[in-house]
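Below is one structure. I have some questions about it.
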Amino acid sequence: MPTDISPSTRLRAWERAMEWPLAGAAVVFLGAYAWEVLTNAQGGAKEAAEFVIGAVWALFGVDYLVRLVLAPSRGRWFLHHLPDLAIIVLPILRPLRLLRLVTLVSIMQRSAGTALRGRITLYTAGSATLLIFTSALAALDAERHEPGSSIQSFGQALWWALTTITTVGYGDTFPASTQGRFIAALLMIGGVALAGVVTATLASWIVSLVEEENAEQEAATQAQVAALQQQVSELSERIDRLLKVPDSGR
Amino acid sequence: MPTDISPSTRLRAWERAMEWPLAGAAVVFLGAYAWEVLTNAQGGAKEAAEFVIGAVWALFGVDYLVRLVLAPSRGRWFLHHLPDLAIIVLPILRPLRLLRLVTLVSIMQRSAGTALRGRITLYTAGSATLLIFTSALAALDAERHEPGSSIQSFGQALWWALTTITTVGYGDTFPASTQGRFIAALLMIGGVALAGVVTATLASWIVSLVEEENAEQEAATQAQVAALQQQVSELSERIDRLLKVPDSGR
Amino acid sequence: MPTDISPSTRLRAWERAMEWPLAGAAVVFLGAYAWEVLTNAQGGAKEAAEFVIGAVWALFGVDYLVRLVLAPSRGRWFLHHLPDLAIIVLPILRPLRLLRLVTLVSIMQRSAGTALRGRITLYTAGSATLLIFTSALAALDAERHEPGSSIQSFGQALWWALTTITTVGYGDTFPASTQGRFIAALLMIGGVALAGVVTATLASWIVSLVEEENAEQEAATQAQVAALQQQVSELSERIDRLLKVPDSGR
Amino acid sequence: MPTDISPSTRLRAWERAMEWPLAGAAVVFLGAYAWEVLTNAQGGAKEAAEFVIGAVWALFGVDYLVRLVLAPSRGRWFLHHLPDLAIIVLPILRPLRLLRLVTLVSIMQRSAGTALRGRITLYTAGSATLLIFTSALAALDAERHEPGSSIQSFGQALWWALTTITTVGYGDTFPASTQGRFIAALLMIGGVALAGVVTATLASWIVSLVEEENAEQEAATQAQVAALQQQVSELSERIDRLLKVPDSGR
């Protein structure tokens, strides 16, 4: 029994080992969920889809429990991972399990290895697409049987998700059920964050462009000052030789 | 009588002493106000809630007067604290007294002692949640008896507050009364500020991430230049010794 | 005749001399325009208001012509001041003459002499308030007689202006006439610029707060490097003395 | 046959040679498309307009093929230019061919040669105007024959495009057809990007204004440190002379 391995190391090893399986499970979940919602599956088809979704849910639950057990201080880990618990326990938050797919985006981009701003752009575009698609699915699921709701097809749901995440909000389509409004809240928060990331990345880019344009005015770099320090060091050594030469010369 | 203590010191001492009691009073106010609005209290229940709200109002009024008396230059203090006066005197601005609760968020985070961007995030999330909850309460209070208004339940009021602060604005729910529109104005300004803080914090974060990525290109720090100054100082001292050695040696 | 004074100096002298009178004329214009629109003036009252508005228009026209004559290169000045011409010539842009009042905000803040971010905040708040108030007036003027328009009172016009500049856009009030939509376009552009200025000022503030927090990591200032240059200069002088001492000692 | 010229050089030469012709073709395309949509051309007139549009399409197709053939690694070029292919092949994306006109804005500003922030402002204003105009045309084309659609005239289409790109979204006009919603999606993404560029440019401007205000606190520039390095170099040379003088003097 490897009792000499620290718990936090084992927790991290578990998380690394489960990264791909959980992302794969989320893809399966997305497929089953999309199929169930888009075909408005009934009877045996619905049961089959729900079985797959239930299996993924069980896997997520087991992962949560194993991580709780492996955590060095369980109380603290529990408090810091309340959202994980909420996603597993509350049926209304079921679509949020797809957020695990964002991990997939981050795994993919890790292997790409581009520059930071490129990675942020890729991550933002990936997350926004996933958020729009998942929210449209979940909203259609929640609103389809709501009387008088304006979200009745996947096209309308996608259109609604797009007008919401960009904060345009025409008001021709909007959720009427409580569950639909929860999904809308997440989309809106995502929209504010999305606009923020786009603007912040552009700002960082423009600042560096302006700096490059007048390179003379560019801030002194640490490399430059380090070179100067080297220069002064060499000067110091020569002075030391000077201090010794007169002595020895006398 | 402590006449030898400066008025500004006494003002600050009063403000520090009243920080917790006023935040506590605001919590009591929030409880009584939420209870009155959510239960649509009538008769004796309404009178009891109004009595508690009146008591908190009196405490806020006394605090205002004491601060006015203690202020070193009362005219200037009066001009700089006109919003405080407006919140106490104008009944329409009554819900704004809950802004005092933002102080509570700032007290809580002071003890947490996290890094600046973490504190801004916590403060923004806390203020936004409080603003949405309070505005929903106040809008429900103002709109409930307005004929033809679309805000008739707390759920609708929360949904309206969320679509407003994120500037989505579907238009399925919106205030129709003058008081409701004043509350909406505050929420909209809050929404613009919220998006601004989110974006600005992200921008500051991305700028520092980009800088960290190419550390060689990072701006020279004051610590680095200070180290260089120390190096040159030591060089100077050696030259001084050199200047003395030949003299004494001759 | 002061023919020895350069045209550009005379242009600048004229502009400085006219700053206050034109701002004053804009205030008179705002008063007459607001009175005409708010009271829905008819007959003699309308004529009186239109006379005052006409007089201000004539003053603006004279100012435009004088500046055109005084300009060193008239063709270039003409091209760079096409918006000024449009505001004077096109009746539809009449409310834009009030933009001259923004000058008033800038005169006021010049005397205040606060720090840059404070001045930007003051300027933004002043411009936004003025833009909302003026747009509401102009929209009410344009929409009042439009059949089926939802802007029929000054309260509705203010409410519409607020939902537009914050880009919330419920859709309960919106302009239906072409002139009203031109005013809305200016408000929307103003809204995007307003959100931009708020966010940018916050970003600049947060960046400097983060820098202050870890002062050791703060970028080396020009003052610091200048001090270092002084130190090296003094070292140089000592070396010079050293170079002479051996010579004279021989 | 110039086989000794590298393919990538020939690709670049082709792209430079085609820059003006393609921008000119896009202008012709815009004219024919605008004329067809605005006059709601039928019969022979429609055929003439479609012929011009077809000719421009053929030119774009030829340009695409030539670039594909000239590309050093065709597979990679193909993958990186999938959007170009989509614009040519998918009829629904036909209006996007006008994006080529953005090149025109970039050619114009290259000759202007102003400072970076000025160029960004010009580019943003030009692109936004072009995007609003083109989207309005395309939306009118798509929505005119849609039953119950609220976009029935070019004025309504322009108004819709403006409320969408600024993310106001009143909801008085909105697309009902699938093609109209695709155009709306591009406008919304353009709106988020537009707000981002405006904010980012303002942020970069305010940051540099704040820095200028307290020049003493300004970050040390590379030029300043380079001057210091020069100073230390000269000091070094003098020390070298000092090291030689005592030797030779003895």
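Note that the chains take the letters A, B, C and D in the order they are written out, and that residue 1 is the start of every chain.
We adopt the following convention: contacts are C-beta pairs under 8 Å (C-beta built on N, C-alpha and C of every residue); 3 or more make two chains touch, one makes a residue touch a chain.
Composition by chain, UniProt nomenclature: A, B, C, D = Potassium channel family protein.
Bear in mind the structure is a predicted one, so any value in this text is a computation, not a measurement.
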item: Chain pair among A-C, B-D or A-D whose interface repeats that of A-B, sharing over half of the contact pairs by residue number; value: A-D
item: Fitting chain C to chain D on CA atoms, where both chains share a sequence, rotation angle to nearest 5 degrees; value: 90
item: Separation of chain B from chain C, taking each centre as the mean of its C-alpha atoms, in whole Å; value: 29
item: Inter-chain centre distance, chain A versus chain C - centres from mean C-alpha coordinates, in Å; value: 41
item: Touching two or more other chains - residue numbers and ranges from chain A; value: 167-171, 195, 199-200, 203, 207, 219-221, 224-225, 228, 232, 235, 239, 242, 246
item: Of chain B, residues touching chain A in the complex; value: 155, 159, 162-163, 166-172, 194-195, 198-200, 202-203, 205-207, 209-210, 213, 215-221, 224-225, 227-228, 231-232, 234-235, 238-239, 241-242, 245-246, 249
item: Chain D residues within the chain B interface of the complex; value: 167, 169-171, 199, 203, 219-220, 225
item: Residues of chain B defined as touching chain C within the complex; value: 115-117, 120, 164, 167-171, 174, 178, 181, 184-185, 188-189, 191-193, 195-197, 199-201, 203-204, 207-208, 219-226, 228-229, 232-233, 235-236, 239-240, 242-243, 246-247, 250
